[in-house]
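Both of the next two complexes hold subunit A, though its partner changes from subunit B to subunit C.
Here is the complex of A and B:
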């Protein structure tokens, strides 16, 4: 039972983690909050379904195409909405409001394009279950964990080793100084929104064959990803991953051993406890957060 | 900046209102405007008879709600094509109750106070019917609800009736199925909704008289997608039967997660297991599942259970180009046809006269013969037992182990 629970927790924790990474990246790069990650996951899931199921593309192609489109969509979102509002001197609460607006528009858009029914996405693999240490597991769950881990490692390398990633961190720490050194702050901020959207969309494609695709699929997951980011330390990339995995473990083990009725109660109670006693989250150490 | 903000906020507001509370009127071909229907709904004026409909048209339960709306619109179209009711046209004013009590209260208030409907076809959500029942009672508007929970009939309402079967009979059917399949160790996964918790609450005491032991009870929040904690717990309890009492939207995912995590026993469910969506989402994982329901949508028209169903399916396919997906289409259709009988036979269009007419109505619909004469609010008793095998819904008697 423990192994099943661990795999389940890692899987859902990775999903929350990918969303939380997006929340944290955007906050660390620009000090802004977004509430669209769950809905971007949903749009990614629908796009993946369209490419994979409807148009018959190989799953890898559908996945990469969706990630690319979501990347561009994130960039567009920043350029056409967030940047415009910022240039006009809007305070951050208006940015938050505009992202809430987007989070309402996107499900409506998806409903108009694909309808309101849950759409089944065919299994990615030929087998429906694989055995891990004697327990049956959905192969798609393992894929979600693997892709989540790979994305996290790649993002870490990008942020710490690549020239562009270092520029992004510099722009996040001190936009004025970075700008005077020739770093295009607008571009780096745009990139963080693009990466956040790509992460959400990518995990959405992977979730399609596990849960099916529906307009509401990102609502609860988006909230829990946000909670994961806060628990870990909002704006801290590593904290987002740790917080999300912790949340995944807590809710899965609470459901498995204590109560299924109040698993969300316990999870969000944990969030409140962290906010009261550890307002900067579990990861107090500065990594590249802007505060 | 203000212009931009105003634009964004206005757009957001408009879209959210459109998605959440938007009403649409349909059915007669002479479309009403969505609000501001004239208030002079005199019974003898020769004006159109207005039927109000509230049900989920957006969100997670939009599938079943829109299917109910399709059934309602089809019935109204047939009635009007046949000359209407005593020469009067029938129109439908439909609103989205958002599958929430507050959404239902809002739109039912509008149906009663603003639209002055003559009768109401109620939501497929029993919780929403209960939330608005007092308003309907006070206004003395005849309502035929399309939810199946036992909780809102046999409780003294004078104007709230059920246009379909009471799920109490389905619950008895589920127990019958479990016994027939030799279930001994049962685990449950129940949605945290009024209908589901009441459904399980009705089944549980009845199991005491059987050899079925309730080993484990778990539940989930409606709208959840990850059930790994519950599924792991159930699988490790050594069960040979799992009852999933929840909405169509989650049943397919839960079946899939149960099977893919290694559960090999039988799965049981309520009437929400019948729509094709469950089999589409779950794939092979839906096989060896059993459910009890009033209406079962066949895979093709030729397999219809009776002439009434065949005629309905032919008309439905002609109108919408596909077979119904949920039995809520049947419920909506039967409810409107029942109301049509009431309109034809009632002394007047006043609530008490229409109630009297319903108590004496003689109507045989897709679900069978309706009889409301006992005043309980229920008018149809029928329950079929079914299994899912090889990706198809089949009568339980045809299931092969």
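Here is the complex of A and C:
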């Protein structure tokens, strides 16, 4: 019981973590917020389903193709909407509202393309369950954890070791100074939206075989990922992962031992408690109005 | 000064006559009357949201929570405890007020993106509560909520309910204008423009933010109670986050921080909503497109557009005058 719960918690925690990473990246790079991550995950899941189940591509190809498309989609979103609004001098709350507008449109788009039924995706591996420490686990949930881990490590290396990642962090810290040093700030912020979309879409593809694909799958997950980012300290990449894992554990264990009916109630309540008593999260973020 | 006052009185009189004529004409149009009742409810709740977002600059994407608290309080009190309707409605407003204050206590410290998330979470919490708890009958909802009695006569006909609602809209709008033009309203606007500067000139920012939330919650809670008594049946499906988004769409589309904005937004979006029934669940897409269109092309909504048209008309007239002089 405990071990299967832990694996479940790690899995859902990594899912939230991937979304939270996207939220944090965008926030730390441009000080903007997005509410689209959950819906991008949903779109990613549908794209993956289309490539893998309908067109019969190998899973790896479907996964990479989806990540690439979502990457371009994120770039497009930033160029065609966010940048346009920013150039018009829109205040940050308008950006938030515009991402909410997008996140309303995307599920309807998916419904128009793929219908409103939940679509089951065949298992990636030949086996339906594997035994770990005496409990049977879906191999896909292990894959989610592994991919989450790999993505985190890669992103960490990219941000700290690569030239481009360092210039991204510089642009986030002081856009004016960075652009005077020859860094293309517009490109780096565009890239953060692209990476965030790719992370969400990639994890969506992996979730397909676990939960099935439906237009509503992103609603709650998106908000939970946001909650994970807030709990960890908004804008802090490592905090986002820690907060998401914490949320995953609390949620899974509450569902396992106390109540499944009020599982989501507990997660949102935890979020509100954190916002009231620890508004900077576990890793200190700027949230107050008058900072 | 006298002339402008005369003009406004004349305008008001014309509006009243038109309204009365429209009401007499609509007497037997049951479907239209239902819609107009909804428009009135939305006008009240969106005006409440306007006080919060349009005037004091605090976003709320969870106003369905207050709508729900008003509707459920009134419905539960009248059906389960047999409280008279005229006591249940103030009670509904009080519960919404209390909820507003509880939400505002932490919310008043947060910057807007976090505020957006907090209010979304509150909306989710209330929805989960009413859709799972046994005292609200979970997903089945509450049936046979009594209608509003007035002078010993129940407002069973939609026609009389509409007249009552129009009076209520007028009452709440007058209160809104009084608040906006008072010291409190000016404090709200100062906080909207710059909270730090507002604090600097001695405005208790947190107090006024909580006040804005509380007032807004009462407006929306009252509208929720009206909804419950008008329809006679409530279920959790009405109080999802889609409802909150709809309130926000109405406000953005009509124009924030204005007298007419919420009224125009509520009316247009309600009627569009009905004509778009054929689209089924794709209606939400229209809301999304509306939000984007407003943000991209109409930052002050329809009422802003009307102002621009008016201004350009006056400008043209001014030019003609000048030509005449020359």
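Points to keep in mind about this one:
Assume the second predicted complex is superposed on the first by the 284 of 291 C-alpha atoms of A that agree within 3 Å, B and C clash if a C-alpha of one lies under 4 Å from a C-alpha of the other, contacts with A are read in each partner's own complex, and residues count from 1 in each chain.
Quick note on the criterion: a residue touches a chain if its C-beta (ideal position, glycine included) is under 8 Å from a C-beta of that chain, and two chains touch if they have at least 3 such contacts.
Note that the structure is predicted; figures quoted are calculated from it, not measured.
With both structures placed on the common chain, the touch criterion links A:211 to subunit B but leaves subunit C unconnected. By the touch criterion defined above, A:275 lies against subunit C but remains apart from subunit B after alignment on the C-alpha atoms of chain A.
In the superposed pair of complexes, A:265 makes contact with subunit C only, with no contact to subunit B. In the overlay built on the shared chain, the residue A:58 is in contact with neither subunit B nor subunit C. Within the superposed three-chain model, A:223 lies in touch with subunit C and out of touch with subunit B [touch as defined at top]. In the superposed model, A:111 lies in contact with both subunit B and subunit C. In the superposition on chain A, A:255 contacts subunit B only, with no contact to subunit C. Of the two partner chains placed around the shared chain by superposition, subunit B is the only one that A:9 touches, whereas subunit C remains out of contact. In the superposition on chain A, A:100 contacts both subunit B and subunit C.
Shared interface residues of subunit A, touching subunit B in one complex and subunit C in the other, are 81, 84-85, 88, 90, 94, 97-98, 100-101, 104-105, 107-108, 111, 116, 219, 261, 264.
Contacts from subunit A toward subunit B in the complex involve residues 1, 4-5, 7-9, 11-12, 81, 84-85, 88-90, 94, 97-98, 100-101, 104-105, 107-108, 111, 116-118, 120, 123, 128-129, 135-138, 207, 210-212, 214-217, 219-221, 251-257, 260-261, 263-264.
Per the touch definition, subunit A reaches subunit C in the complex via residues 33, 35, 81, 84-85, 88, 90, 92-94, 96-98, 100-105, 107-109, 111-112, 116, 219, 223, 226-227, 230, 234, 261-262, 264-265, 268-269, 271-272, 275-276, 279, 287-290. Remark: subunit B residues 1, 4-5, 8-9, 11-12, 15-16, 18-19, 58-60, 62-63, 66, 192, 218-221, 223-226, 228-233, 235-236, 249, 252-253, 256-257, 259-262, 277, 280-281, 283-285, 325 touch subunit A in the complex. Note for the complex: subunit C touches subunit A at residues 59, 61, 105-106, 109-114, 116-118, 120-122, 124-125, 128-129, 132, 195-196, 199, 205, 241, 245, 248, 252, 281-282, 284-285, 287-292, 295-296, 299.
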